[in-house]
Amino acid sequence: MNALELDQVWKFYGDFPALRQISFELPEGVCLALLGRNGAGKTTLLRILSGLMRPGRGSVRVLGADPRDTMARARIGVLGHGLALYDELSALENLTLFARLYALKDPRGAAGQWLERVGLAASASSLVREFSRGMRQRLAVARAFLHEPELLLLDEPFTALDDRAVTTLQDLLRDAVRQGRTVVLSTHQLREALELATHVALLVRGRLAYYGTRTNEMLEDPAWLYRRYGEAA
Amino acid sequence: MREKTLIAFCTVAAILLAYNLYVMLLVLPDEVSQGPIFRIIFFHVPSAWTAFLGFLAAAVASVLYLVRKDLRYDAFAVAVTEVGLAFAAVTLVTGMIWARIIWGIWWTWDPRLTSMLVCWLLYAGYLMLRHAVEEPTQRARIAAVFSIFASVDVPIVFFSIRWWRTQHPQPVVWGGGSMDPAYWNTLFLNWIPLLLLGAAMAGIRLRQERRQRELEALRRMAHAL
Amino acid sequence: MKAAGTQAETAPRTTARAQPGFLGGAVAIAAKDLRSELRTKEALNASLAFSVVILLLFSFAFDPTAEETRALAGGLLWLVFAFAGALILNRSFARELPNDCLDALIAAPISAPALYLGKAVANWLLLMAVELVSLVVFGIFYNAPWTRRFWPLVGVIALGTWALTVVGTLFSALTVNLRLRELMLPLLVYPVLIPALLAAVQLSGPLALGEPLASDMMVWLRLLAGVDLIFTALALTLAETALVG
Amino acid sequence: MDERNFLYMFYGFLAAWLILAVYVVALAGRERRLQREMENLRRMIEEKQKEAS
C-alpha cells in the first residue's frame, strides 16, 4: 500500500496555478525530500497532504484514504513553520491536549514519555512562553511524533535549528524511517535533507520537475539537481 | 452577456416603462384614501421583489460555488447581490418618502421597511467582507458561506419583525392586498422592466468580474517578465 | 522499498489507538480554550470591564426611574451582552494565530464541526459568566429584583447567548486571517442576529424585573429556540467549509 | 389630503431612479478604471517584450 498517491493534482489561487499536474506515488517506509525555491508550491503541497487544504483538481490519497478522513489524519504527524504551541499553556498541557485529540489511550503518560525523549522533562510544567527557541523546536518535534504516526509531514524542519538540535532531529527521522514510517520533509537545507532522503521531488513553479530516488551524485553536489532540472519548467 | 443582449434588455425595459408610466399617471384614478402618492407602490413593491430575487439567486450561486468550486458562480453571486442591494435601497427610500406623506414622519418601524433595512445591512456586510479578502479562491469560499447564512436569515428576520410589530400595533405601510385588479396588473407589468434593468446591470457587473480576473492574469504576466 | 542494508522492523503499533470521538475532541478543545482564557484572562477582563462600565455610565447618564427601568431593562442588558460578546468572540480564533496553532488543530483527527463546537461551547461558558456578573451589577444599580425569576431569566439568557456564540464563533472562524478582523466581526454578526436579539430583549425585559412572562410572550421563546436550532445546524454543516481552505 | 401629496409622489419617482442612476454611474466608473488598467498593463508588457527581444 503506498503512503502517498497523487494523480493530476492542481491547486489554484484564483487563476494562478500554485500546483500544476502533480502526479507521483510514494511507497511506505521511505524519506522524500521535497525541494524547490520559495513559491514553488512546497508548502501548498504539504498543506494539501496534511488535510489543511483541498486540491483544486485531481485526486490525493494519503495512507490509502482521503486526506480529510479522520482515521487517516490520526496516523499522520504534521510539523509546520509555526510549531503550533500554546504560549499560555505548559509543555505537558500542550502535549496532553494533542494526545487527547489523537485519542491516545493514556494521554498524560504518552506526553510525559515524549517530554523525556526530547529532554524537556525538567521543564514539563513551565509555560511555553518562557521556552528558548531550541526548547520550543524540541517540544514541537515531540508533538509531531507523539502518536507514533505512520506518515510524517515536516515543513522546513531544520530552519533556525542549532547544530545539536539538527542532529537530534536527524536521528529521530532516521529511526522513524528505520521503523518503517514514511517521512516527507520540505527544505532548503539540501545537505541535511539529502543525507536522509531516499527519494527526491523537485518543484519548479508548481510543476514536478524531478521525482525519483536520490542518486549519489546528488549527495556530492546538492546544487547539481537545481542546475540539471531547475529551469527545465 | 454580449453587448447586443444588454442593449436589447434596456430598450425593451424603456418601452415597457414608458407605457407603464403613461398608464400609471394618466389612466389609473387616484387611490381613494391616499391620493397620488399611492403610485409610488408601482416602484416600491417591484423593487422589493427584484431585491429578494437577487438575494435568492446569490444564495443559489453560493451553494453552487461550494459544490462545483468554479469562480464563475462566485462572480454571479456578487453581481446579483450588488444589484439586489441597489433595488433594496430604492425600496427603502421610496417607502420612507411614502411614509412621510401618510404619517408625516420619515421613519416608522413598519415591519416590511424594517426587514428590508436589516436585509440591506446583511448584504452590505457581504460586500464589505468580500472587500477584506484579497485571494480570490479564499474570498469566494468565505463570501459563499456568509451569503448562505444571510439568505437563511432573511425569512427569519421577516417573521420576527412582523411579530415584533403586531405586538405593538403601528400604522402599517400596506393594509394587505386589498387593491383592485387594475392596480395589480400595472404592478406586475412594472416589475418586468425593473427585472430587465436588474438583469442588464448584473450582466455588466458579471463581465467586470471576468475582466478583473483577466487583469490579474495580465498583472502576473507583467511581473513574471 | 526499505532503506537498503538496515533491518527495518515494522512501525510499532504499540500506542493503542482509540476511535477519536466527536464529543471527546470537542470537550478537549473547549477545556483548552477555557484553560487558556482563565490563565491569561485577556478577553474575560476586557469583556467584564466593558459591560460593567456601560451599565454604570448608562445609570449615570439617564438615572432611570423604576418605570423607565422596566421599559429599557431588556434592551440595555442585551446591548451590553452583545458587545461584551464581540470581545470574547474576537479572541476565540485570534488565540490560535500565534504559532499557527489553528493548522495543527485542523490537521488533528478531530472533525471540523467538533472543533467548531468545542470553540463555541467555550465561548458560551465565558460569555455566560460575564453575563451573570453583569446581571448582579444591573440588579444593584437599577435595583431590579432579577433573582425572583432567576431560572427563567437564566434560561432565556442561555438561549440568547447560544445564538450569539453559534453565529459569532462561525464568523470568527471565517474571518480569522483577515486583517480587519476586529472591525469585521460585529458588523457581520449583529445584522444576522437581529431576530434572536429581538426575542431575547422581549423575554428578558419583564424577567429581569422579576415579573412573570405573559402568555403571548411564548411566541418569542419559540422564535429564540427555533433560531438557535437553525443556526446551530447551519453552522455545523458549514464548519468544514469555513475552516478547511 | 396633504397638499404636498403630488409633490412627494414626484420626489418618490425621482429618488427611485436617482438611486439606480447612482449605481449605474458607479458601474461605469469601475468599467473605465478596469479599461485603463488593462491598457496600461498591455503597454507595459509590450515594452518589456521589446526590451527582452
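Note that the chains take the letters A, B, C and D in the order they are written out, and that residue 1 is the start of every chain.
We take it that a residue touches a chain if its C-beta (ideal position, glycine included) is under 8 Å from a C-beta of that chain, and two chains touch if they have at least 3 such contacts.
Every value quoted in this text rests on a predicted model; they were computed, and no experiment measured them.
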item: Chains in simultaneous contact with chain C and chain D; value: B
item: Pair of chains whose C-beta contact count is the highest in the structure; value: A-C
item: Reference chain B; chain at largest CA-centroid distance; value: A
item: Between chain A and chain B, centroid-to-centroid distance (C-alpha), Å; value: 49
item: Computed distance of Cα centres, chain C from chain A, in Å; value: 35
item: Centroid distance [mean C-alpha coordinates] between chain C and chain B, Å; value: 32
item: Where chain B touches two or more other chains, by residue; value: 137
item: Residue list for chain A, restricted to those that touch at least two other chains; value: none
item: Where chain C touches two or more other chains at once, by residue number; value: 245
item: Category of the chain touch graph - line, ring, star, complete, other; value: other
item: Listing of all chain pairs that touch each other, if any do; value: A-B, A-C, B-C, B-D
item: Complex contacts: residues of chain C adjacent to chain B; value: 167, 170-171, 174-175, 178-180, 184, 187-188, 191-192, 194-195, 198-199, 202, 216, 219-220, 223, 226-227, 230, 234, 238, 241-242, 245
item: Residue ranges of chain D in contact with chain B within the complex; value: 1-2, 4-6, 8-9, 11-13, 15-16, 19-20, 23-24, 27, 30-31, 34, 37-38, 41-42, 44-45, 48-49, 52
item: List of chain A residues in touch with chain C within their complex; value: 27, 29-30, 47, 50-54, 68, 70-71, 73-76, 78, 80-89, 93, 97-98, 100-105, 110, 143, 147-148, 150, 177-181, 198
item: Chain A-touching residues of chain B, taken from the complex the two chains share; value: 69, 71, 135-137, 213, 216-217, 220
item: Chain A contact footprint on chain C (complex, rising order); value: 1-3, 6, 8-21, 24-25, 28-29, 32, 35-36, 39-40, 98-101, 103-111, 240, 244-245
